[in-house]
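To keep things simple, chains are lettered A, B, C, D, E and F as they appear, and every chain counts its residues starting from 1.
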């Protein structure tokens, strides 16, 4: 057993404490109610010109949590037999990113999958954020309203993401029984959340996901959870409440709801989404088909080899 | 002439282009209208317990731009003769900071000045930000709604700051003819803005101020203006509009409105508010009494010596 | 004129000395001879399985300079009318990279272009380097045999690249009258070299290219040319010869051979391929159709906006 | 138990070896002898002009260890009843700092406390250092004469600090039964030393103190103890003696002498005065009233919240 | 037991897994065959002018592994009695270095030792590298041909080094019964390899050596083994083979062949050749006379004190 | 003219202002008086055991400025003809260093030169510093007593260095008509000072010397002069005096006293002793034989090639 194998063995052996809030189920039941019915929120789509042959591209807008309009990019490959529908992947960006351009998803389109790429509110796409900020804070989005679990940013983006799945499942071009979710970092965290919470998701690829073992991340991560650390540093009187509110969104407390085929990956040098955060979530996921890839020398990045493995996993299970 | 003197001489010789928008006066006339009348916005104050002897401390809330409640801290030294009023200093924090605690202003209280310390919305005090964000963006506050000069963050905080002066000038404990403004970095920028725009301000101490020669800062600063650079990097199609909108708030275009006694300072090693930004504003300020201090070896910090000089300047001119 | 415009104006005004060696033409005539005739070197291609619909993917091997086998990836979209041929793009990786995977080029395939992605010898693809190293040196590939211009690394990769174009122009699936070259950084440098030296190239997109004003880069670049600096630091007695040998490959001396439609881009914060290196080459390029994009806040990276502009440029001119 | 609680639990469980020298008591008996009697050393004070109302400010000079004149700043609030004396705080600066200005202590003066702020020799105040350096060394003050425990820097500053307390306790304006000591980092270490060694100290606030578990700090600290590491790196033959000499000043060996009300604080991200250094000292302190505050996300800094807690602790117990 | 002693105790207690390949002996038998007989490879030497009095300096060239000409520098002090021969030290440079100049070895010459300083192929001396690179890779030399243990870089430099000893032992000026090997970092690794594998070596000084517990280094080192990590990051499919091939050259698997007097040293702050790599090799070395020096505050450097200890060790045992 | 040549041309064209104090000559006359007569200060030497053959090694102590005992290392090669004396080099260490060990000078001994290596007071050798520090300051030695030019550190080390030359010139083993001085960085600065001020010096090798154009260095250097910048940052009221006192020791004001053969070197990437500091001193040096070497890619280091050039320069001119 070499040094790398030993490190992985220790990761599997690491047993974090769980800190589920008692009303966890009730909380998520309410969130799901907000998101499960397409008629509960407005939406529209409009076709966009494209340089791509054989692909239709649409700009999508739908109403997210509390009146913010969320922007998405919906791309559908033209199938040869007109009566067929396409399987579809929904995806969310990494922290600070946006839904991107059609060219970012060309490889999935060429595989025959429709793709729905959705902004995360306020971050680097076209989507603003109309959720009022009710107290002072730190740079970044994560700690917005973190003192009120019912109106905090994590809840808002969870509702936004679940509504995206609901919207997508109603589109005629796609096969609503073959929707998968894919993403890295924040996109991986939202992939896990939607896979756990939305019944239409049938496959999940979560690379180097955040939203896992979050108290560990608050202590150690150099990524978005460091904003939580900074918030608590500035307002130490709120630390207990903040950590409790995070626990509603911590996949460590939700992994028993993961049942779909699941692919995860982790970089052993990742200081943003640390292995100690990700591996316990993977271990406790209820999925029968699950697989994790370790990249011993990779930091917070998805290697090309992992992108390839993800494509094969989708090809096999969706 | 040694190397340091030569550097200062070159700074004085630097002539930036000015880029005033044609409707600059009209714009600021509207902003001043929003802020000049205390009856136009709600406010309240409540006394707070304190460990300080001979000082009354009040928590203040007033309505800022578009329904955000701004928090302030109002501290009044008890004067020996009951029929007298105190001179007063208003102050704003540096970027990411908050109004702080009474102990941050104890030295001014001991000098016999009342102090009104005011949050900047959304940043590290108690004050939230209810201004909806209408498009995606980057980390930080500066670029919020930067595509709409009438609803952008800089306008919001300008209104907030001017209303703070208006509120203060109505308080009975103070001598409304002896209000000065003081601050460093962002607080220095807001000091300059309020001194230029609010007639009640009679003295201005602006250490290492931002909001000066802002296109230069967008290109070179490692501070808050780097958020503007990051925004333009991500949305290059908006760069021209962004720079035009900034020009409304650039003290380079407003320095001719500075008439009160003015103290400024600059660190020649400052990479946040660079000397090339600050010196041209100082040079063009219309104040008859003006003074600038150069700190050849200081970065973005206010040295103790400068704090002392500021205290003396206030003592002399307010 | 704001600070950014002033910076760009100064870049256009910068006039570097040129240092063309007297036998420059003869040197390149010999290089072209080595590369212009497909029968002068062996090659083979074999089809690879792919997850992509409607695309044929081939692994290609051909003999590069002095017996090194170069690996390439050749991808051809299946056209609807069987008797038509596709336009094609050839591309080379950035320094330390490799030819990559088909998914890296899916956007170009979806636009209807065949793509030929070619390794650079020794770097991070499958291609080794059988050119013996005749003296000691520094980490990296650039300085290999730099003391012998006839057997140095830059010449080897130039021959490899030109042979790739020759090979490609003989493939039946493509329209040999519509071959463009595209690349960033080292890939941009090789795009410029091949566009200048191979008559089959009809369009060139060179983002943040290296191999421009190379003595400036040796002095200032933090990228691959810093290996040359390190070599000269270690062997100062060879500096004059090294700089002379570089001048054979410096696009500053070759830009008058650029006649095809040309798109370039530059980041004003780039410390690897600096604006002072790139702009003079752009200015002196002989192309009638030429365009350069400035990214004032970007370092050594190709922004998504520039990728989009590149796609449109290809769509328009190839 | 979340990650932060687990970290704190582990800190409490950490049991360092103690390395008390056998003659520790005798050593400190001699040091106390040098410092306990005001008549044993010269001193004088002179009033300084001030901008503060109701405060008298004095420049103080007294003779420290071996003929160095130590400078202090003595500030006394004018009490309403003339026959009363003020409680008083003595304080020492962090490493490289100086006694500062009256404005640094205005908050304590407003609370009704006199303050005596004292330089540490050679560092950034007005106080020189006439102790001859008897051997070569490294940058900084800590290792001066570290090979001779009777004439080393730590002993010198301990004598200087104890004499400051003695001098203060003789001043007529203050209540010598209500003297507290307060400081951060080096100032916290000297607060602990004086509280342990001078019977006039009745309360101690030591934020992020140094001089705790010093061999651990020599190995791991990035602060002043890294000078000791650098000294030992350069003169490895002296390491054993150096560590032995440090043990005379290590609060781990002196904490059983702490009996006064004690407030300490520690940042879990502090790399200068590490939690492993501070917590064991706190745990073993003999004080009946003791309290420690943990700042999980703070490096080597005293947060505003902690300053506030310190003010309340002083208000309650002094 | 202080913190430093505890750290050293833990290092002694660390028990890494060993991963010897089954054909280790056979592999090295073949390597030794390639190197043991001077007649099996060509060589020549030529005298060089020198500023040194009483020293003959020769440039040496000999044929290394697979036709690469290795350069060495052979320096012989003129002995008073003409019929005597000198003891001799052979040495190899640290990674990226070269054989250097006579002045680098003047202290050993003044001690009466002949010195043979030998390049490592491709690195910063005069020696090239004609071994063809059979696959793509990363910057640096270490991973060349790492997929083929029979033609990989480590094997090549092992053969080069063993042939250097063989060549040296045939020179008439020296006493072939008194050859020692000395080096630091890579030079220390090659010192260990040659001491383990060449019977003519009678003493070994290996400061901060690499090639120890290499899987640990691949995971943690910031030095040359990070190239292996980078290679595996880029080509994860090859990691198992790469680690197996390294194990042939890992001194952890070869330390039982060390029988000569052995001096090693280690810096406890070394992140290139970490203590966890070096101490287990020292502990398991079979040498009867062995000594290790710990430098608690030193990174990847050989302190002057250690150079002095090395000179004394050579003086005593060679 | 390439980029490097252009940079060097600009350096030659740079004309700094000179700021000689009016009493410069008188000041140095007094300094020379203190140092010129060996009988004016005590000294002794004692032989040390050595591993070197044919070299006598002595520990030397002599009285430096104001009662500090300076330590030196005096090494004399045994000459074949007993009635001959050796030429000799005196040398001083770089900042923070010490006189080192005989092995540091073995190459000079092998060339037939005696060597006298002398500590700089307080720094990393055996030499302490009994000069009392009369005011507070910053880390490091440079600013000690900088407010009193007659008792400041620079004067002290100048006297120490000149006395070292005087002592050396009286030793019987050496040829007092063939004394050269050599050093790098601080050692180069002291080489220039002694060459300018002591008539016994007949050759000077000053690599990357400090003490040149010092106001420029205070503004820009990251080396020892940054201590002066830090001092002035902390005590801005003293800046004018500090700069005036430095001008006594600035080689820019003393270069007309350099008449001996002079070799200098400079790294164009040096941020400690910047090219703008060194080149003007070289240009204005009065030496008939003078030479400067430029290292375009070197920071604050002396390359091996320059060491070799220095050896040849000494061989030729001393």
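Just so we're on the same page, a residue touches a chain if its C-beta (ideal position, glycine included) is under 8 Å from a C-beta of that chain, and two chains touch if they have at least 3 such contacts.
Just so we're on the same page, UniProt names per chain: A, B, C, D, E, F = Acetylxylan esterase.
Worth saying up front: this structure is predicted, and the values here are computed from it rather than measured.
The minimum number of touch steps separating chain A from chain E is 1. Graph distance from chain C to chain D, where chains that touch are one step apart, equals 2. Think of it this way: of A-B, B-C or B-D, only one pair shares over half of the A-E contact pairs by residue number, and it is B-C. Superposing chain C on chain F by their CA atoms means rotating through 120 degrees, a value rounded to the nearest 5.
Simply put, of B-D and D-E, more C-beta pairs touch at B-D.
The mean-CA centres of chain C and chain E are about 40 angstrom from one another, to the nearest whole unit.
Look at where the CA atoms of chain E average out and do the same for chain F: the two points lie 38 Å apart.
Computed from the mean C-alpha positions, the centre of chain A lies at a distance of 50 Å from the centre of chain D.
The set of chain B residues touching two or more other chains is empty. Interchain contacts (touch definition given at top) occur between A-B, A-C, A-D, A-E, B-C, B-D, B-F, C-E, C-F, D-E, D-F, E-F. Chain B makes touch with chain D in their complex at residues 51-55, 77, 100-104, 106-107, 109-112, 304, 307-308, 311-312, 315. Those residues of chain E whose C-beta lies close enough to touch chain A in the complex are 16-17, 19, 215-216, 218-220, 229-230, 232-233, 236-237, 239, 243. For chain E in complex with chain C, the touching residues are 96, 98, 119, 121-130, 132-141, 234.
By the touch criterion given at the top, residues 1-4, 6-7, 268, 295-298, 303, 305 of chain D touch chain A in their complex.
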